[in-house]
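As structure tokens, the structure follows; a few thoughts come after it.
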């Protein structure tokens, strides 16, 4: 990795000491116009989502919190280095010098790429070894970079918040791997599944940081100025509306009217996923609310009806329910994006605004919004195909009996991979919980 | 809600794709001058305060953490949508088009508005149903928008961090509701009151995020440039000073000299509340320290002496002690603001600085600082009146027996509204704790 | 303190209402060029690191979490006020008016100064009283300001992220104090040492916030524009690489291949410490990876081999292992900084870039990079000397029997200084854990 970085990676012009000359050359009058100041606060928010958000969201299991936070930390750190290389080769390799020039936008993109793999981790949480996770991330990042190149560069689809390239791909990649690695005897570790009171509160830390910073996620790499501004407003409204429908559906689905923490932790986030493509478009505030409204319903319904169905009929064991949080809302997001793009008009966007938003420049300057809508839809199909086919191949590799995966009765148990201090106290708790089951 | 948004809400010019034309029109040379880059980092900090700060601060109860974080999440998401509408109607309805134009400053204001209702939630925590909370928020946001319109627009008082409009109003609103909903037999749920070791640490997450980001809260909507800069410095110093006096008083108040977690979690924040009005003024660094010094004393004393008095004599059951954290420091903040405004002089502010700080333009260009001080004081009275009268009315509505509120012996217990997994383990803990009582 | 602030501290020109005139004078066209917008997001990240990062990192002990978070809060709040004064006197006292002018950069520097003392707290965690901590902070901040003045102003060494002035100094200061306060009978509180499951997860909150925001720490006070941009990229890469080697070494060091939470919580951060000096230089992305690679190895090895050696042979009881996380990586960072500086060349930096990066202006305009490298090395020696000698003196003061330190058998126990609610439940846990030992 170090050698590859030595050969390929260089600072881009805005993070190089020659910036003082670049600046003079580009007629930039102030350091504040360095891309750093446009993107750094959003980058940090995304960074928090990746490490605290995804990490803590998965701590809900009563005895797999070390694995959730720790392995999330490990594969994210590994993945982002690999992503800088892979995304660099596909997106920003300078043909003359053969170098990749990185700046703050590259770091955000690397975090995005890692997000795809962390989503996939959610499906196999507790059932794989750290070595399997690293292999899964290695291939996942590679597939991601190819798929992203096809969707964003060749098809010229817009996908700033990654409904398609991140969530749809990551969701189906993880689900397919989980399907290949199906464990018929997983019920042997039933005592370890489910949450305890405090682990649910830890998971809420993850939920809230994801929820709060999702506007930054969807706006991090959109156009400077109004693009970032609009993406934030749309995502903020969409997420707020999702919370309300999630709570309503969660309460209505129980005879007692009680709320289920699983829904609150996960389905409240579906709105952000579903606005990943359309956030930068002029979807209008009430459009964002409508998307959020339906996502809350669909995602919560998913936890209640679809997840049990997937497990029983299709043999997909989806620990965190990523199908409801990422895969389905991601597909919805792709569709919403295609429709919104196809419906764009000069009267709403303004002539120059339309060109800026969809980047109708260079080779694409004659593209119409209707064609753009078609390419958006095509992009979504590409991401699903990459997820399913890639997941099937990587899943087969992971099925080889050389990776040290845990036995069925040791799934969801930190003691397999971690030094844990207090087994007796824990056995007492387990005992009482078992009695109660 | 979606229909109302469809009818009224539009993007403002800085988040619209026509921004490229607006920019040319206003002689703006760079995207970085979009209001987004002035306000977005502060907005995200405020957002964290609302959802993580307020949410986790209330998790201190041993068995009401789901309710604290979850219902906080619910009513904040609901409230901010309603707040965008209500504040829009009162503050920024465009008379020609009948539309409300929203940008990042509107989102911050909506978060502020929600803060008022979350403060009120603190007083009734554990004693009301989620439906009651939604009703309370619906009316609270409406009252807030009216009160804010009177104080900021009609009286032209300055209140950037909301000592008056947020904290004083929210505090008295919640206290009055709690007084109307007085439960004489609350001691039946005594076993559920108080904290356990880990719930106190969860609450510290809330405390610290509130404490750290309070400078952003007080500076989020102040003037660009020196206004935001100064508000941050003042709030930072004031809060630091409050921590020291809180620890000192907490230790001195016990015969054994031990510290009480309740004081550390709450009273350390009083300084930020009390500087909500004056933070943007030239109160000077030592002025900020003095305010913090006294707030730490008063707030901690409040927990020791005033809260028991309120409960016993005035029949106000204040779960989180919002009287000590918000109501009293809010009133202090209003007074400090009035005095600082009245004492402002051209020699300290500069001629143009005075006009900028107090916005002496348009209808108010002949106002003197002394008059301004008087109007500040009037603003505080308005916020108290709105809190008390509004709270009494809404409290009476909430007293109707149709809202599904919990029985006295089920207060402070998550099991009434949430699916909870491990009752037997919990009963064991409860048993040991009861033995100890 | 208030009096001292009244006499000395004033707003600087960018946070004063006269800014409107300053701006006109300096040909600044927009409020966005106020230093506030360059630094505030980084400041908030640093602020989170100080209060949440350091505070929660130390919560790993099973029964000292109140003390970890609470006393961290107390001494940080106290220290930053004192630091504003001390750093002001040494660095920014205006000779004409005798005033200190503060802005957002002063606040960051005060947070940095406090970080040195919090590092030292890590070595004595659980073994000292809050009064001792305040004394330690009072002297620590003073020593810090003097040492920083010598290194940055007199020697003109560069140390933006403080490998030398913060980490090396803080580390040796704490270790020496711990050595002076050696407790031969500390084994009497053995039942309180070590962690429980949930306390390790709380500690991960601290780890992750430190890890994520370290790029902000190292870039907070570097040059506007490319300087901040580059420091972020370097630190980000270095930290990612440290995580991988930490996990690898942690797993290899155990016969069972299991991971140890202590390493994950601490050693993963060593890369950020070691790049504190060189982050703003053109160390190149692969250079950053190499530094991170070795730091992960050294720091994890430190926990496995060096910490037990220090305790047994040198009688240094280092609760949090700050020798492995701060002292050693700090020294490495100083050496890396000296080498990188000495190896700088005009071909890599550009003529103007070299001058900007090393600030070769004024009295230092004829300095060569080789001389600069020598001064960097000299700076590191100064920080070690200040740490050891200062620690010895302050340790002797703290050994006086007037500070109310806890007895050997009460170390690492919150009940000495805090009101704790549930002793019986806790005794049950303790009992089960004891059985297991």
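Order of writing sets the chain letters: A, B and C. Residues in each chain are counted from 1.
Everything that follows uses one rule, which is that a contact is a pair of C-beta atoms (placed from the backbone, for glycine too) under 8 Å apart; a residue touches a chain by one contact, two chains touch by 3 or more.
Since we're looking at a predicted model, the values are computed, not measured.
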Interface sides of subunit A and subunit C: same vs different residues, half threshold: different
C-alpha-based rotation, subunit B on subunit C, 0 to 180 degrees, nearest 5: 120
Computed distance of Cα centres, subunit C from subunit A, in Å: 33
Residue numbers of subunit A (touch at least two other chains): 29-30, 32, 37, 41, 198, 205
Subunit A - residues contacting subunit B, complex: 29-30, 32-33, 37-38, 41-42, 45, 194-198, 200-201, 204-205, 208-209, 211-213, 216, 224-226, 228-230, 232-233, 236-237, 239-241, 243-244, 247, 254, 258-261, 264, 268, 282, 284-286, 289-290, 293, 348-350, 352-354, 356-357, 429, 432-433, 435-436
Subunit A-touching residues of subunit B, taken from the complex the two chains share: 1-3, 5-6, 9-11, 14-21, 23, 29-32, 34-37, 40-41, 44, 47-48, 51-52, 55-56, 59, 63, 65-66, 69-70, 73-74, 77-78, 80-81, 102-104, 107, 130, 198, 202, 205, 417-426, 428
